[in-house]
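Once you've had a glance at the structure underneath, I'll fire off some questions.
As written, the chains take the letters A, B and C, and residue 1 is the first residue of each chain.
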Amino acid sequence: MNLYGKDLITTQEWSRDELTAALELAEDMQKNRFSPKYSDILAYKTFFMFFYNPSVRTRQSFECAATELGGHAQYLEPGAMRLKTKKTAGETTEDAAKVMSRYACGIGIRILEDKITKYGEGDEMLREYARWADIPIISMAHDKYHPCQGLADIMGLRKHLGKDLKGKKLLLYWGHGALARSWCSVQEALLIYSRFGMDVTVACPQGYDLDPRVVETARKNCGENSQKFEIIHDPVEGYNGAHAVYSRNWMGPNAYHDGEFHKQEEIEKAMQYTDWICDQTKMKLTDRGRYIHPMPVDRGHEVTDEVCSNNNV
Amino acid sequence: MNLYGKDLITTQEWSRDELTAALELAEDMQKNRFSPKYSDILAYKTFFMFFYNPSVRTRQSFECAATELGGHAQYLEPGAMRLKTKKTAGETTEDAAKVMSRYACGIGIRILEDKITKYGEGDEMLREYARWADIPIISMAHDKYHPCQGLADIMGLRKHLGKDLKGKKLLLYWGHGALARSWCSVQEALLIYSRFGMDVTVACPQGYDLDPRVVETARKNCGENSQKFEIIHDPVEGYNGAHAVYSRNWMGPNAYHDGEFHKQEEIEKAMQYTDWICDQTKMKLTDRGRYIHPMPVDRGHEVTDEVCSNNNV
Amino acid sequence: MNLYGKDLITTQEWSRDELTAALELAEDMQKNRFSPKYSDILAYKTFFMFFYNPSVRTRQSFECAATELGGHAQYLEPGAMRLKTKKTAGETTEDAAKVMSRYACGIGIRILEDKITKYGEGDEMLREYARWADIPIISMAHDKYHPCQGLADIMGLRKHLGKDLKGKKLLLYWGHGALARSWCSVQEALLIYSRFGMDVTVACPQGYDLDPRVVETARKNCGENSQKFEIIHDPVEGYNGAHAVYSRNWMGPNAYHDGEFHKQEEIEKAMQYTDWICDQTKMKLTDRGRYIHPMPVDRGHEVTDEVCSNNNV
């Protein structure tokens, strides 16, 4: 197996064996942190990070990782890049990506809702970079997917539920909240949990459908593993027998209209669903379920303090 | 003595022996700059720097130091961190600090007047981080203190006045100026100079009182060393017999009102005190006194060009 | 020859031998990229980068270079530096540069049109830094010159046209465009191409004169190498027999008036000259000429896609 130079835009585009290899490597790196076994892999090498949107942990973890592997992650704010857009003169992705390929060993890109005019544009941009760059393009979260978050989630579950996740029940639970969150983390979660053989239940109020093509793929993944995939609209029922509960707010499918992301509207709508919170009473219905959240946690909305401080993977 | 993992929020919270150990280590590092003795201490390690306020030298010196010790300092602007505040949803310090503790070996924080609503809020925030983080929190200047500046000042004085500072006279002199400066550097100066046995005179116009608790602590420090501590309001008298003169503008105690920092008001008030400038005539009254300033220097207001260019520690 | 500590504000201020030495070193570094021969030159050392204006490749290449040489380039935005200006209190360049000289091994500065009030101010600032700093000041593009771009251009030409550029014809060609570009790259190109013995033709519409002192110096450089230097105003003629064509938009000499840079006015004026584009028909008149552009390329204005994607040095 050769992963050298491979783009990572969603885990769905890597084979199950490739994902497992990446996870096992990461687990060995965690065990051998700061050991010479890994600490010069990126010696003298640069990884570019393009943050169209700011970030806390994604930025910190990528930059720390480059440092721990002996290299350097360059933090770039592409607002300053004078790239060509539909409306303005500027540099083409072709020109930019070709030169960057000579400088660096990889490019990470983060682009979310408020930097695009409609769902899918961020994904297109990553694929345009991937088309022209000779070096790997890694999503650091974009409108559709968040593959590194997905891999980290599975890595946590493998640690706490064991390496064989087959048949374990995962509840992906919509929480109300004041942040109108992207679909990227939850869609990636659906894809990778279903790939690894989990029994997946999505619980959300009516009107919070995710991207239907992603849902279809997750359903198909479950089918291939002979596992159940279901979507329910009850705030409690899905907790029954769950081995892991992932609660997260996400925006509705009409968050974009008229070429804009309507954040405030989404927040107001979401904040009405006060029943939709992961709390200790609901967690008691699970099979000693672990609580997962991709962070930052909107405590008091997505989850109670009690669950969050005491039960996190 | 074990300083490993210790927070540094003000030098007052370290023992005199601990401070001396840190100074001696720094002096040895300066003598052995770029020697293998120190250059791999931080190999592959990350230090986070949170700049709520921008900075020149503090940022440059921390990032250079990390590089010279073999590690990397990550420059972070926490405006992008979506932290919870009294008014907005977001991440708690508990959640943020716990994860960061797994990534880095320390966190530096800078937060000054215009990012808070009243004196003391910055200090509270640092202590909240210190409460939750497993790694040391280092002030890179906050509303109350600036411990690394204080240590650097003493390091300079040890070099120029000798290691035994006991009984040497230090004049902390308010200068007029157009920058409405924070109390942090001068308060830290008062605390550390008095700890190290100096005879301390504060000279400022009426109406420029510093934090009364800090002043009380400095007075007590002097007492414990059987040294004099006095506050005077004459622009000349304090120079008599001084071994070191530290001139600096600082804001008055009413700079905050109605939940805001009133910078322009402070500048207009301060600019009227044109007698309050450190100049050559005054410096001639000293005992061959050295001139100190924590920078950036507001030349022509806090000090004349003549003194600043020729007499700096 | 000792280049240690030498400022680089324009290549014109280095001797031809010094420039050749720098080029040969760069060529050897390129051949031995990541070899131990060079990879610890900057170990534990810091290079400061002051970006008054943002940048893509200049920033990426400087920061990558520092990493590849074992050191670290600090990205600084001097807007936060509280430097003294004619209008505001703040720190003098003297004070800033003297302290920085103790931290770092060099300072790169980028300052372009929109950060200054008239042509020449950026150049003055670099010289003021050079006056006070004990470490080299390197232009990363300023209003007058772009020496590293000039050296890179010559490095490319040496690769594609051979090391002896004497008598090779270079066409410096104004292209219409929507970006109102600085004179820095084209002026540096004129100076360095003429130094290295090329036969130089500048082609631009009437009204696009560059700095007359720079043009005079380039003409003199050509004379010293017994080469032709001419300025023409025809969009086609200059292509005849050219070995290299450098197309680039640049602003007119009246871009600044009333103490401001009038970008929009310049763009509107420039966009009328639609004949001024480097295309395949014109390139056919050359002597198998190579196409050069300092990037970012404004495709469709300065050059056609056909030429740009297939014929670039």
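Structure notes:
Please note the rule applied: a residue touches a chain if its C-beta (ideal position, glycine included) is under 8 Å from a C-beta of that chain, and two chains touch if they have at least 3 such contacts.
As the structure is a computational prediction, the values presented were derived from the model and not from experiment.
Superposing subunit B on subunit C by their CA atoms means rotating through 120 degrees, a value rounded to the nearest 5. At the interface between subunit A and subunit C, two copies of one sequence, fewer than half of the residue numbers in use appear on both sides, so the contact is built from largely different positions.
Taking each chain's centre as the mean of its C-alpha atoms, subunit A lies 41 Å from subunit C. In subunit B, the positions touching at least two other chains are 72, 75.
The touching residues of subunit A, counted against subunit B in their complex, run 34, 39, 54-57, 59-61, 63-64, 67-70, 72, 75, 177-179, 295-299, 301, 308-309.
Taken together, the subunit C residues at the contact with subunit B in this complex read 43-46, 48, 71-72, 74-77, 80-82, 84, 88-92, 94-96, 99-100, 103-104.
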